[in-house]
Structures are given as structure tokens and as C-alpha cells.
Amino acid sequence: MIGVNKRIKAYGEVMMRLEAPDYLKLEQARTLKVLYSGTGVNVLSALSRFGHQTSLLTKLPDNSVGDAAIAYIRSLGISTSDIVRGGAYIGMYFLEKGFHVRSTNVTYSNRKESSFCTSVPEEYDLEATLQDTSMVHFCGIMLSISEQMRYNALYAAEKAKQLGSFVVFDFNYRPKLWEKSDVQAKACYEKMLGHVDVCFMTEKDARYILEMGDRELTDRKQQIEAVIPLVSNRYHIPIIAGTMREKDPDGKHSIQGYMYHDGSFHYSTVYEYKTLERVGTGDAFASGIMHGLISEHAPAEMVEFAIASCVLAHTTYGDSPICTEAEIWSLVNNTDVEMER
Amino acid sequence: MIGVNKRIKAYGEVMMRLEAPDYLKLEQARTLKVLYSGTGVNVLSALSRFGHQTSLLTKLPDNSVGDAAIAYIRSLGISTSDIVRGGAYIGMYFLEKGFHVRSTNVTYSNRKESSFCTSVPEEYDLEATLQDTSMVHFCGIMLSISEQMRYNALYAAEKAKQLGSFVVFDFNYRPKLWEKSDVQAKACYEKMLGHVDVCFMTEKDARYILEMGDRELTDRKQQIEAVIPLVSNRYHIPIIAGTMREKDPDGKHSIQGYMYHDGSFHYSTVYEYKTLERVGTGDAFASGIMHGLISEHAPAEMVEFAIASCVLAHTTYGDSPICTEAEIWSLVNNTDVEMER
Amino acid sequence: MIGVNKRIKAYGEVMMRLEAPDYLKLEQARTLKVLYSGTGVNVLSALSRFGHQTSLLTKLPDNSVGDAAIAYIRSLGISTSDIVRGGAYIGMYFLEKGFHVRSTNVTYSNRKESSFCTSVPEEYDLEATLQDTSMVHFCGIMLSISEQMRYNALYAAEKAKQLGSFVVFDFNYRPKLWEKSDVQAKACYEKMLGHVDVCFMTEKDARYILEMGDRELTDRKQQIEAVIPLVSNRYHIPIIAGTMREKDPDGKHSIQGYMYHDGSFHYSTVYEYKTLERVGTGDAFASGIMHGLISEHAPAEMVEFAIASCVLAHTTYGDSPICTEAEIWSLVNNTDVEMER
Amino acid sequence: MIGVNKRIKAYGEVMMRLEAPDYLKLEQARTLKVLYSGTGVNVLSALSRFGHQTSLLTKLPDNSVGDAAIAYIRSLGISTSDIVRGGAYIGMYFLEKGFHVRSTNVTYSNRKESSFCTSVPEEYDLEATLQDTSMVHFCGIMLSISEQMRYNALYAAEKAKQLGSFVVFDFNYRPKLWEKSDVQAKACYEKMLGHVDVCFMTEKDARYILEMGDRELTDRKQQIEAVIPLVSNRYHIPIIAGTMREKDPDGKHSIQGYMYHDGSFHYSTVYEYKTLERVGTGDAFASGIMHGLISEHAPAEMVEFAIASCVLAHTTYGDSPICTEAEIWSLVNNTDVEMER
Amino acid sequence: MIGVNKRIKAYGEVMMRLEAPDYLKLEQARTLKVLYSGTGVNVLSALSRFGHQTSLLTKLPDNSVGDAAIAYIRSLGISTSDIVRGGAYIGMYFLEKGFHVRSTNVTYSNRKESSFCTSVPEEYDLEATLQDTSMVHFCGIMLSISEQMRYNALYAAEKAKQLGSFVVFDFNYRPKLWEKSDVQAKACYEKMLGHVDVCFMTEKDARYILEMGDRELTDRKQQIEAVIPLVSNRYHIPIIAGTMREKDPDGKHSIQGYMYHDGSFHYSTVYEYKTLERVGTGDAFASGIMHGLISEHAPAEMVEFAIASCVLAHTTYGDSPICTEAEIWSLVNNTDVEMER
Amino acid sequence: MIGVNKRIKAYGEVMMRLEAPDYLKLEQARTLKVLYSGTGVNVLSALSRFGHQTSLLTKLPDNSVGDAAIAYIRSLGISTSDIVRGGAYIGMYFLEKGFHVRSTNVTYSNRKESSFCTSVPEEYDLEATLQDTSMVHFCGIMLSISEQMRYNALYAAEKAKQLGSFVVFDFNYRPKLWEKSDVQAKACYEKMLGHVDVCFMTEKDARYILEMGDRELTDRKQQIEAVIPLVSNRYHIPIIAGTMREKDPDGKHSIQGYMYHDGSFHYSTVYEYKTLERVGTGDAFASGIMHGLISEHAPAEMVEFAIASCVLAHTTYGDSPICTEAEIWSLVNNTDVEMER
């Protein structure tokens, strides 16, 4: 069903991430670690390790900062030949990594004037760019930025659909960003869902954005099993998947993946996880499912691969997952090795 | 009772801390991390984050090392305008951070000839400096250094009292430092306690220094409840507070704060803690109580705020606490967030 | 004439500087050095080392990035108590240091939406803030940002004048910034000059902004001697100063300072200079003159001190000059020492 | 029995270790940490801290890489005066440290052409070098490299024996290295065991190399108690020791040491351990036993010291153990201290 | 004549470079800077910045070291889709950068067993790979490695020629490498020259390898003008170019480019240069000429562009040139700017 | 005359050097580079590279700081088996490297209470230690520290002389250190000279300490030729050597060595030098002469070798010279190579 030997693309913003090293607060740091990421970058980085041809659709300034972002994205194995150059700025965020009870702190700099967020669909020549594309990935954060970004996302999703690509959408709901907006998130998300083939979400997204779900239920799995089939039905989305994180009273974190696939639920193993890196781990799950779909794995296998990809993404540095397919299968198959030598 | 809108000051030594990075031993390190701290610096650093005007009373050499210490202390938000310049040396200590069963190792360089430890009270113009001061903080380590230091501490505490400041004293008993001394710690501490309004100590300090307490009792809380009221009564100190650390058989560390306040005991929540930084966490507790006293919080609230300040200080780099009041209340209120974005 | 024992202030933006280390291009860097600067910060940093009380008037976001900027500025010895907190962003620039024939490359991120550039004069309570202020420094870059910034600068300069402060203005003309503007630089600068007591500029500023000067003259000194008295006369500015840089055919860089003071020209020694740091060296000259004016040095001495301050600023890291008064006089007096030990 | 006041030597290869810092993968690293190690280096490093004179028998290239290895080995306290210089290359390995479920990854570069692996026994003048030597340590990895290396190892072990040294042998079986070989490991190991006085191994080595042991037994201790006396008997080795690692379902790692000494088994305390460094921890155990033998400690004491040495080696950076004898006894005696100051 | 819109390729080895930072010797370094380069990588890196599609023909091990090399090469803008994976090792070299009179020191590790140096032509599917290729670059070092490497180079050059690509060859003569060889360099080079369209060399290469040239002439230009036309004639190579470096008695280094183009000599401006990086600067010259040939610039322009590319390559970090076409033209046009802002 | 195959020793203090990296001032540094040096360490480091057995006589604290110093000294190739452990502190100095017109700034911490400076001769068992010693090196700084240090130096020099060692003495006059002393430098130096066989000094030392020399002479060489024979004669010192540094009006630094050897003067080539490291370069000269004496080189050769050693020491990091004998002869023989590969 999904085109094999075609490229997987993602349409989304590239952010410069500036991180205080060694668990410092920004005020203590005289150097910052820098990398370039974004939901699209992250998903494609993982898919490149799984053997797929990938390419990013975005716009970056035509200066040394844009050059730096492109060099970084290329190093992840993603083609940058579809990237449009122009505008003046790149979106940025500052990261103070938390430690134990101290939370991780993310501070955004101005995104609204970034090259990507001020771009219009005409700049991307989507008609040509989306030829020979098996899947296109979109992220819900884009809907929160501005009227222009909403327009761009919907325009591109519709175009992708027309040209025969699978449309993948990740809710990625950030309440803070929508609070400041006059626009209702629900209407935007609903328009987007009209184009979507695969969607990543949880019962919380259903409740807070789509206003669906039964608040009486206290068990997360029961909530998911109650609401996800309704979402699938209402918006004609055959595949919905996501992760459930828990923290036990002892302070241990665990995670489990679920996938609703053509009417049935599939759950992964529950993993305890430890965190070297928190950002981008959801994208590691999403890319695991996308890989399974293209490779036509069985649903149970897909969700096992995806959650192992997600758990491993907590153990590598940077937003963008970099574990290979072999490393992920090795975790799935539980070949427990302290040291490979 | 305590002057609002007045400055909080601390009278104490500034140490240069030289730390082997990345859990190295000194012999493995070709770079050392450097910062400037001290009990007084630490307490004032925290209080500055809580919105208070703070200023340090100390003496530093008039050379590039002294300049460096002052730049660092200023960056913490502490006024350096009361600092006297002169003498030739700064006190220093080397830090090898432990890992799991390997203990942290502190090695002092020569303090006795430091600018501060060779200074005399006349240099500080305390009459002027302690005007408009709500509280002055003293640390027990000063009493162990030399006859001069003992004289300076007692002179300044008495002067502070006369001028209407609250006198805060932290026992900070270091048996190693007193072992080498011909002088008895008890007599020195008792003279100091004669001037004190708030004091930080545990039942161990009572036993080893003041020779009070019932050795038959095996439970720490029982010991504290037995001896602290006696201390309060004998030395006329209305407020005594401190922390109790435990390590369970599983290797987990926990901590609880107590405060004896006008005849009643108040205990905080027990927290498990993990340690990015061990030094200065007691000072984070002390500054939390000091903040509560000035802000006239209820005693139960004070001790909760103080212990949360202490637990968070284990999660930030450096001796000097740098969490904001908001971050601390957020932990008290247990709003559990993995990532703020 | 200028208030002694009063504070020197600067009204201007704080920028975060992000620098690729070790002469790397941004695309090669995985860490960036970070510091916080700005013309005002730089001038006050130097003046703090010369023994003056200084304070910065600006606005910074009330988040961890703003906290970091404030900690850095405090570490330079500048009071931050006048700083207004609010807005969302800080201005930023990226720095790729050049090497030999490769030029240094500066890339600005979006400044227009920064906390400072979106602020209005009412937020600063200038009436109160400029009491007890001997001098206020303004930078010409502010005039190029936006209508609001021009309004703020002129409003504050007028207010400062009314309240008896000396108004210091540095042309700091950046043709690139004005090119993009519909507004004519000349008119803006002329309004500003109406309030100014001391001004920093060269014959190029006179020609390109004020449209004054004789293009026939090929010698820089002749040009300066022709045009600066006219500027002084037309705008009633008694003191004008600046620097002349030259590069000889052998690739050596040299610099000389001039000052026009109550009708006479004074020239400094010509220095060859080598560059560890290029940014902020003009501010080191300006602060040297300001120090001379407050200290009522002879004009010849002022310009010698200022140029030595400028030459030394090329040899220390960071935009903000950090040499002490003693180090600068030592260069003036040419006590040539390879090593102080 | 073992010569006191004599030197302890090890005959083995020095490897350059190149490590991606901060848990990065190699592809993310622009700097690598470098150190020089090897089983022999590690054992001697520990023994130097326990007060013994040690010296390494190896060959290193006569270039700046060889100089660097020698400077490093000297800094560990090992004499380098027996090292032969010549050949062209040093063996190397790349290390990507694992995190939680992600395994540590070791990649070897070409060892077969290294200076050591292409050397012949005549180069070492063993007759002279092994005079005045109490013990010589050999590592089983050497047997897997090449016919030449097997010859060298057996030749030197025989010579050592003749000259009255104790021969210590660590199985260090690496199945990957032997898989590629046409030679059977068993025969090689058996020849070596003919010269050995002390040997480090577990029941796995007995099973996979010597083809001894009862596969029916599921308990590790039972297996050890069944097979080790047989090994001791068949090859006339009076002392055999080793460690048993376990991972409990909760993810905690524990370790216990055993020693078979003149017909009796001795077991150490079981320790939970956390890992800053995994490589070289087995060598820390071996050197602990070797120290006990020379010092003529009681067997129960030896194995306690050795396992504590091993556990501490997990907490210090680098392959080569660097804890002092005092630090190890302090762990044995369980004097639990969070911070030494 | 040369195919436009086709890819430029290079056939050659990728080396891992390990550099002691900050002008340290290896024995002083505990971290090494790592990058991946090679003559082919360097030439293609530059050509990518000049707007060309480039791709590297090489073989790299299928492990984490090979992955790291590929990520780095991709970040330079070079396609890695033609790279063959397999074998076990990567070639490496150690770099100690010199300072003033201390020379730079390069130490090679074993290359002969590297994946590339043990590969055979069949692995590369050259028939397919060299389709749609405008130019292929070869480096003379390859001829010195082994019989296999000579065979591979000649085979690929012949194939490239047959398929209509321009063959570019850089002499890159390293006497040390040939000294150890039984094979005569001359015969190998002559075979290679039979396929070559453009060649980079100097009069020294002609003398030491081809045994041509008049030793009586003392002036370098005279020597070049005497011998290069003979080389061009004898081997039917229409375009020959190279650089001449001089060091004047004052210690200043200068460089000039020459190009012999269809029977005429063209010389560039003489530049003084300063060195941040020495390695790869010759490749920057070669790629400048290659760019000029494809772009059909006038010969005088080509050599000016190429020498400016070379001079700038001395000012950027790393073997692989990273200056943009615009930056190079800006130096050619001598727009002297200290700082771009 | 001088014992071959004997050890060369130095009796002197080890200092911890703490350096602000990258030309920062201390107030800008959050990490410091650390190393361990001293005149004796430096001289022996060089002599180890020249193939001599060396050993340091000093006292270091028996803690982790002392261990670190010893590991560093061993890595330089110096034996540490003569080092006495005890006392509490190590001497330290802070280094801010200068840049162009900004001077290097050295700040000492307290040396007077260091382990070495509080030691007494009895601790060193000199009778045994100085057996089998060909030369012992002393540094004039030791004479300035305290009465105890003067006593120790003279005692050891006398003992060395008795036991048949060559006594080498470097004036190393630091006026600042003597200014603070009540003692006259002259008397101390004269006592020392009574034991000396080789001495390093210039005409300035003769003038300021020994009060010899003709102030009328303006040329340095004339001064040296006037005074050095008188010194040689008065104190019976057959060999005196030293360096003369000059700075030309263009800012270039040059240096020349001289040696007065059995009544004749020998001068080296004049070298221009550039400085990566200034500290310890005089010690590189001294060790060059010492090497020449032991190796019985001709005087002209000795002084050429010594000055080349000195010039190269300016180009390597750290106080202690680390160039090999081959590298130094290569500079003497002026084989000019930009890069060794």
C-alpha cells in the first residue's frame, strides 16, 4: 500500500537547540552545546538509520546559521536538497536539563519571525517535491504558531494526500502555546485529521483537544480503549498509536506503547527507562511505527519495535534518535549485554 | 520583629573551590573547575534568589584572585560593597566528587594565612556596616581556625546583637579541625550561643560539642526531642532547626527537616534525594528557614520550604544554592513535571 | 562640572553573544561560547574597573535567559537594580571570529521583538532612575531599530538632560541596518545631537550621516580637522572624540585616538595592535574618555588613557573591557614587561 | 614463598583507548578522550597503589604515539624501563559507553600489525628482565591474536617459571576473537596452564574453553564448586579465583568474588555496584588477590580485599584501577562516609 | 566540454585524523580532536561549497567508526551513497600541530589493512557509478600504498576515461612512503598520466618522479617554465597547475599559483599567508581550478580563484576546505573587511 | 670529569600551576588548567628527554594533591622515588597569560607553609640519596623564601659537593621576593657560590645581587664580557652561562645564549622567537648546557644546543621542556620543515 523505494519526508521547522551542559542552569554556563532538531528532523533521523531515503521540507535562512543547521541535518543522514533558503532567522530554544526532582526547563526564543514560520506554500513547489514520496510527516505544534502556519500545514497535507502519499500526523499538543492564542485548537486539529492516515496521540489529546472521552474512567488503558476507536471512526483514521508513561511511587519511570490498527489494539512490553535525553523520544516511537508500516511488519511487532526505539532514544544524546535498526531489534529480543566487545 | 527591607549579611570566609571534573581523581585531571563559595556565600546566594538584599562581610586579597572571587560572588546576586581588600591569600579547597561507594574527598590548602583569617575586627568598620541589617549569619567553622578568628566572630556577633540584628548561627561542627586544636570547642560554642537568635544544629552537635543529650536513646527524633529544648532553654535560643539524613539498606538517601520554634517541634516531609552536588545543601536549608522568618511564614511552612530548598540544592551545580523561590514552592506543592516547555 | 560620587548609567540593549570557539565556522561547532554584552554594558564594564558606580538601564525577559544575562552583567561589576524585567526575548548575535585574511562574521538573530526593543519609556521610571546620575550613555544603533526605539532614545536623552546628567552619545553607525530602513538616519541623529554633551564619531560618520565634510581631502586627519569643529559648532557639542584605524601594506594594524575639546585637537600616540577580540574596543576608548572627563584629567592625558584602554581591549576576551585603571596607565607609561611575577 | 621486595611484572600489549565522551556515539563526537591501557597495565597500576614495585614488559613504537603511551603508563606509577621500542603501530580500540539498556560498544582497530603483536621473544632479553621478579602476569587474549603471540606467551611463561617467578594467568576469554581463528583455544590454554601458579577464571571458562563442567547444574556456585577443583587438580594450579556478576529483575547489578585456595573455597561479601567505568574491573579483582598473596593475607581477607578493589574500580575513570590500599580497606570495613572533609 | 549538471567524484581513502589540541604534543593530551578527511574528501568538500553535486568513491568498515566517518563526510555536503561498506579498519593519522620553529608532526597508523586499501575494483561497480560523472579526482598517494592500490587506481582511471569523465590527478608525492617501496614511483606515475586530463604538480615532482627538468636553473619559475610544457607534451595533458611556496628571511610565508593551460602560463597574485591549518590547502587550490574548468572561467581568473581558495583554506579549521564561493571571490576582489556585521 | 651513567638530581620545590585558559583573566575563567612544575622539575624533564636518568629531591604532602603532583612528574620521565611525603600543603601559583601588549600575570599563593618550605635537611637522607649522583641543580628562588630554606639549600649544596657531585646553580633572581625580606640577597648568594661548579646568570644578576659590573657600559655583551670573568674568578666557578633577550622596535623578540667556559666566551646564533609558553624557557637553556657538559660536547656546540632547546621551549605547552634531543639538533642544523609527514 505504501510506496516502497520512495522517499519519506517531513514538513516542519528546524530549531537550534542551545543547552547548558552538565546539568547547569543557563546563568552558570559559559558554553552552550548546540544542535539542530525539530519533530520532522527527529523522525527522519531515525528512519534514515532504518534504511529509508529521507528528505526534509523546511525553510532556513541563507546565512551561516542556516548553513550550520544544514550541515547538522545532513550528518544525521537526511537529504537537505528540498530545503528552501531565505528569510532571516532560525527558531531557537534553550534547554536546562533537570536532575531528579528538578524539572527540565525549556525556554523558547522568538519563533514567529523564523524563516519557516514566515514562509508560504508557494515557496516549496510541493507539486514537484512530493512526487515520489511515500509518506509525509506533520507535527501539531505547527498548528499553534500562526494563521499562516495553519494554512501551510493544511495546504501541504491536502497536497500530499492528492499526490498519493501517506499522511502521518503527531498531535504533539502543547497547552502553553495554545493558551496564548485566540484560535481554538479543536477546529484546527479537526481540519488536519481530515487528511490523515496515521496519527499519534493519547487519550489526553482526545480529551483536551477533541473534547472526546469519558472522564469517569480512571484507568488509562480503559480511557484509550474507550476513546481511540471513536476518533478512528469519526475522522476515518485507520491507524492510531501512542505511548503511556507512568511514574511509580518509588520514582521509577516506565513506558508502554499502544497501537490501534484496523480495529484492534496492540500493546507493547512495559519498559522501565532511564533518561540521558528526554526530548525527541516520542518521535522515536512514531518513526518506529512508520518503519513498521512501510516494512509491512505485523502490528504486534511494529509496536514492540517502536517502543524499543523510544526507550533507546532516552539513552542517546540529542533530540534526534540515532540508534540503528539492529540495536533496536537487539533490545526487543532482550539479548542483554553489558558490553559488546 | 525582624527588620523588613533591610539587608541580610553574612560574616565569613570565601574559599576557592578547585574540583576535578567528571568524577576524576586529582591525579587524573588536567583541568579543574573553579568557583568561589563559603557558608556565608551560600546562604546569601539562596536569599538573593528569594528576593532579599544581601551583602557579604569578608576580606579578600587585592589581586587578580580576589577580583575573580568578587566577580563570582556578584554573579550570584550578592553585594560585594562591604568586602575589605588586602592581605595576600585566599583559602582554597580541592574536591574529588565521589561515585556510589567511593566517598567524596575534600582536601584543604592552607587557610590560616588567608586574608580573612589574618584580619582583625577593626578592618570591617562593623559599626557602620551593620546598620540597616536585619540578620547576620555566622558559621561554626570560623571558631576552629584560630584565636583571632574566635575573637572576630564573637566580637562581630556581639556588635550585631547590639545594633539590633538577628544573629543566626550554624554549628557546622568539623571534628577534624578541632582535633588539631588545643582549645576546647565547647567553651567557644557556648560563648557564641550567648548572642544567638536562631541556630542550626542536630542532636550530634549537642552531644559532641555541648556534651548534652541522652546516649541511651537510639531513635534520632527522640534524641532531638530530648535535647533541643534543653539547648533552647539553657542558651535562650527561641528557634533551632536542622536536618536528619538517613541511608536505607537499599542505598537510598532520605532527608527530613525539623524546627523547634517557640517550644514546639515541626517536621517536614521526608524526601528521597539524589546528589549532583553535596556541598552547601545544609546552607540551602538554613537560608530557607531564614527566609521564612523574615517573611513571617507559619513554622510548618518554613520547614517545608527549607527542606525543599535543601533537596533542590542537591540537584544544582556548585556549593551555592541557585534555585528560585518559585522552583522551591513548586516542589513543596509537588507539581510533578518531567519537563517545563 | 560633572557630578562626582554619582552613578554613571547607560541606556541600551543587552545582546546574547554566541561564538563559535577556536576560529571555527558555525557549521563546525558543537559548542558555542556565550556571553552577554552591548555598547552600554561594555562602557559600564570599563568604568566599573576605573572605580565608578555604574548601572544599566534596560529591559530583559523574566525567564532563565534574562537571569543569565543579569548574572553575567553583575559579574562585570555593573549594578542591575535598574533593569526592568518582562517581555519574552533577548537580542542575540552569532560570532565567527576571523583569522588573518578571513573576516570576522557577525549574524544577528531577530532583535526587533526583544524585550528591550518592544519596551516603552514609561516602564523605566526615568524620573526616579536618572536622579543622582552623573552621565548617561546612548548608542546610535538604537536609532536604527524602530520608530519606538528612536522615540525611547530621544525621550530618555531629553529627560537625562533635564535632570542634569551629562549626555554621551556614540554614533556607532551601521550602514547595513539603515539600508533596510525607510527612515533617514540623518534626521534621527540630528535630533539626538541636540541633547548631547560628548559625542564619539569620525569623519566618516560626519560624511555618511550628517552629510558634512570635504571629500576632496584624502588625509584622514585633515578631514577630521576640517569637519569636527563644524559638527561641534552646529550641534553645540563641546567634546568630540574618536579613533582612526589604519592597516599598513605589511598587514599591520595601527590605531590613534583624537579628541576635540573646547576648540582644540589632541592626538594620542599611534599604537600597533593585535587582536584577540575586536568587538567592544571602540567602547573601551569611549569609556576612557568618560573616565577622564569625570576625573578632570588634562585633555592630552584623557586621549592617551582612552587609546591605551582601547588597545588593551583588543587583548582581552569578550566584548566588555575588563582591564583595570592600573593596567592601562602602565601601558601609557610604557613600562614594558613580558611577565609580572 | 613469593619473593618480597621483588618487582611484579606483566607481559602484555598496551592499547590506545579512544572514547566518545559524555555517552555520545562516535558519530556524534568531535573530540575523543584518550588513554593507554591493557590487562597488564591495569593489574600493575593497582599493584603500584598497593605499594609494590611494578614494571611492564611490552613493545611500543618509537614515535610520538609510543612516547605518549609511556608517559601515561609512567603516570600510573609503573616502571617503563623494560619496555622495548620499535615497530610501527600501537593497538587501539574505540569505546562508546552504554547507558542503561544501551550496551557499551567496543570496536577494535587493527592489532595484528602492532609493535607488540609482531615482536619476537628475543627482543625482550627475558633472561635478564625476569631476574628479581616475584610474579609475572599474562592475559588470555594474547593467545587469540596469532601463532607468534601464542609462542611468545608460552615462551615467556616457561622462562618466568624457570627463573622462579610466580606465574599468574587470567583466562579473559573473548569468544569473538577465537571465532575467527582456525586454532582451537583449548589446546593453547592447556599449554599455558602447565606453567601457571595462580589463575583467574569462572565456570564459563571451564565449560567453553576447557570443555569441563556439568551443564546440568543451574546454580553458578554449584557449577564453580563442581568444576574448579577439577581444573586445579588436572593442571596443578593451587589457587584459582574469579568473580560472579548477577543482574536482578529490578535491574540492579551485584558481584561476588570467590577463591579456591589449597583445596578450600572462600567467598566474598556480595556487593551491589554502579558503573562509572566497566573496563578493567576484573583486573582490579585479580590485582587484589595478587596483593593478598604477596602480603600473605588470610584467604578470606584476600577475597574481601579483591572484591572491594573490583567494586571501587567501577567508580573511577579509566581502565586502570587507581584506588589506594587505604580506600579499599575502608570499603571492606564498611566505614560509610558520604564525604571526607 | 566537461559535463555540466553532472556529479564530480573522487576515488580515494578516508582517514581518521586524531589531533592533539592547543598545540600540545600527544604525550600531553588527554583528549584528541577527531575528524575524517583525505585528498578526495577535501576536494569534494570545496566543490560542494562552489555549488556542485559531489560524491565520494571509497570503502569504509561497517561499524561505528565507519558510521562516524560517513556522518562527517555528509556534514561537509558530499554524497555518501556511492560508498561501499565492509572490511574492518579505517586508516588513521595523528597530528601534532607545530608552532613557529617547531614543525608539525604527522604519524600514520597502519593503512595497509584498511577497508579501502584491501578493496578490489569489482566492489565499486564502477561501470554504474561513473555514469553521469563529469570529473573524477585521483591522488598520487594511492600509488604508493600497495600493488593492489596501484591496480585499483589505474583500473578506475581507465574506466573513468572510457565513460567520458575528465580525469584529474594530483601528484601529492610523499618521498617517505616510496622510500620503503621496492617499486619505482616513476613507472607508476607514468601509467597514471596516460589517462589524465588535468594534473597538479610542481617542478619538484617532475624532477624527483619523472626525472625531468634542468637542475642548473635556480629560479623556481624558470624551472617550471622549462619542464611543465615538456610534461604536458610527453603525456598529452593539456592542463597542469600547482602552487609555489616561499619563506622569506623574515619568516613570512607566501604562495603563488600557476596554471599551464593549452600552451600558456598564467600566474596568480602572490599572497602572504598565516596558518591556522596546513593540511588540505593544496586540495583547496586543486578544487579551485576544477571549479574554474567546469564553470569555463578564463584561465587567469581560474588561477586567481584557486589561489585565494588555497590561502583561505589556511585560515579555517580542518583538512577539508569549507569557504564558500562568495568568500573566495571577496578575497580575490580584495574587499578588505576586518569584520562583517 | 662528570660521572657518566649516574643520576642527575634537582633539589627544589614543586609548584601547582593554575592557569586561566585561552588568554582569559582569572575572573573570566570557570576552569583552570593544572600542572605541576618548578625549576628543578623543568630542568630534569628536559634532561630525561636527552636520555639521562633523573630524580627529584623534594617534599610533597601525603594527600591526593601530592599524589597528583607525583603522577605528573612521573609522566615527564622523572623518578619520584627520592620524594619525601608529609606536611600539609603544596606551593601554588596562578597564571594569566598575556597577549601582545598585555603582560603575563603571575600570582603566588602562600608558599611559606608548603611541605617543602617547612622541611628540614634531615628528612631527605642526603648522604644516601646523593650517592651515585653526577649533578645536583639548585635554584636561587629557594634562597629568598626563609631562613630555613637558605639553610637547607646551603646544607645540601655542601653535602653534594662533598659526595663528588657537580653543583649547578641558577641565579633566578626575583627582586619582588627579596624586597620583602630583611635579609640581604648578596650574602646568601655568595655563600652558595662557594659550592658551585656551573652557574647560570647574566650581567643584571651580577649588578643587582653581587654589586659587580660597570654601569657605564651600555652594550649588554660588553657588560657581560666585563663582569662574568670577574665572577668566575672571585668565586672559582669555571663555567657560567646565560641568555640575553632583546625586543626590537618592531616588537620582535630575539634571544642569544652565551657561555663562559674555562676563560673563553662562546655565543650562540641569535634566534627570533614566538611564545606559546614563557615560563621554564630559561630552564630549557640550563638543561641544554648541563647535557652538553655531561656529553662532553665542544663549548660552541653546547651553547648552540642550549639556545635551540630554549627557543623550542617557547613553542611547547607547560613550564617543563618536552622536546627531544633529535628535535633540538634538527633546529640547530636548521633543517627547515613546515610539516613532518
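Chains here go by letter, A, B, C, D, E and F, matching the order in which they are written, and residues are numbered from 1 within each.
To be clear about the criterion, a contact is a pair of C-beta atoms (placed from the backbone, for glycine too) under 8 Å apart; a residue touches a chain by one contact, two chains touch by 3 or more.
This structure is a prediction, so every number in the text was calculated from the model and none was measured.
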| item | value |
| --- | --- |
| Chain whose mean Cα position lies farthest from subunit D | C |
| Copies subunit B and subunit A - interface residue numbers shared by over half, same or different | different |
| Interchain centroid distance [CA atoms averaged], subunit C/subunit F, Å | 46 |
| Approximate Å spacing (C-alpha centroids) for the pair subunit A, subunit E | 42 |
| Separation of subunit C from subunit D, taking each centre as the mean of its C-alpha atoms, in whole Å | 63 |
| Shared-contact residues (touching 2 or more other chains) in subunit E | 25, 27-28, 30, 71-72, 75, 105 |
| Of all residues in subunit C, those that touch subunit B in their complex | 71-72, 74-77 |
| Residue ranges of subunit C touching subunit A (in the complex, touch as defined) | 18, 21, 25-35, 63-65, 67-68, 70-72, 88-90, 92, 94, 96, 105, 107, 109-110, 112-113 |
| In the complex with subunit D, residue positions of subunit A that touch it | 75, 271-274, 276, 311-312, 314-318, 322-323, 327, 331, 336-341 |
| Subunit A-touching residues of subunit D, taken from the complex the two chains share | 22-25, 27-28, 93, 98-106, 108, 174, 176, 247, 251, 278-279 |
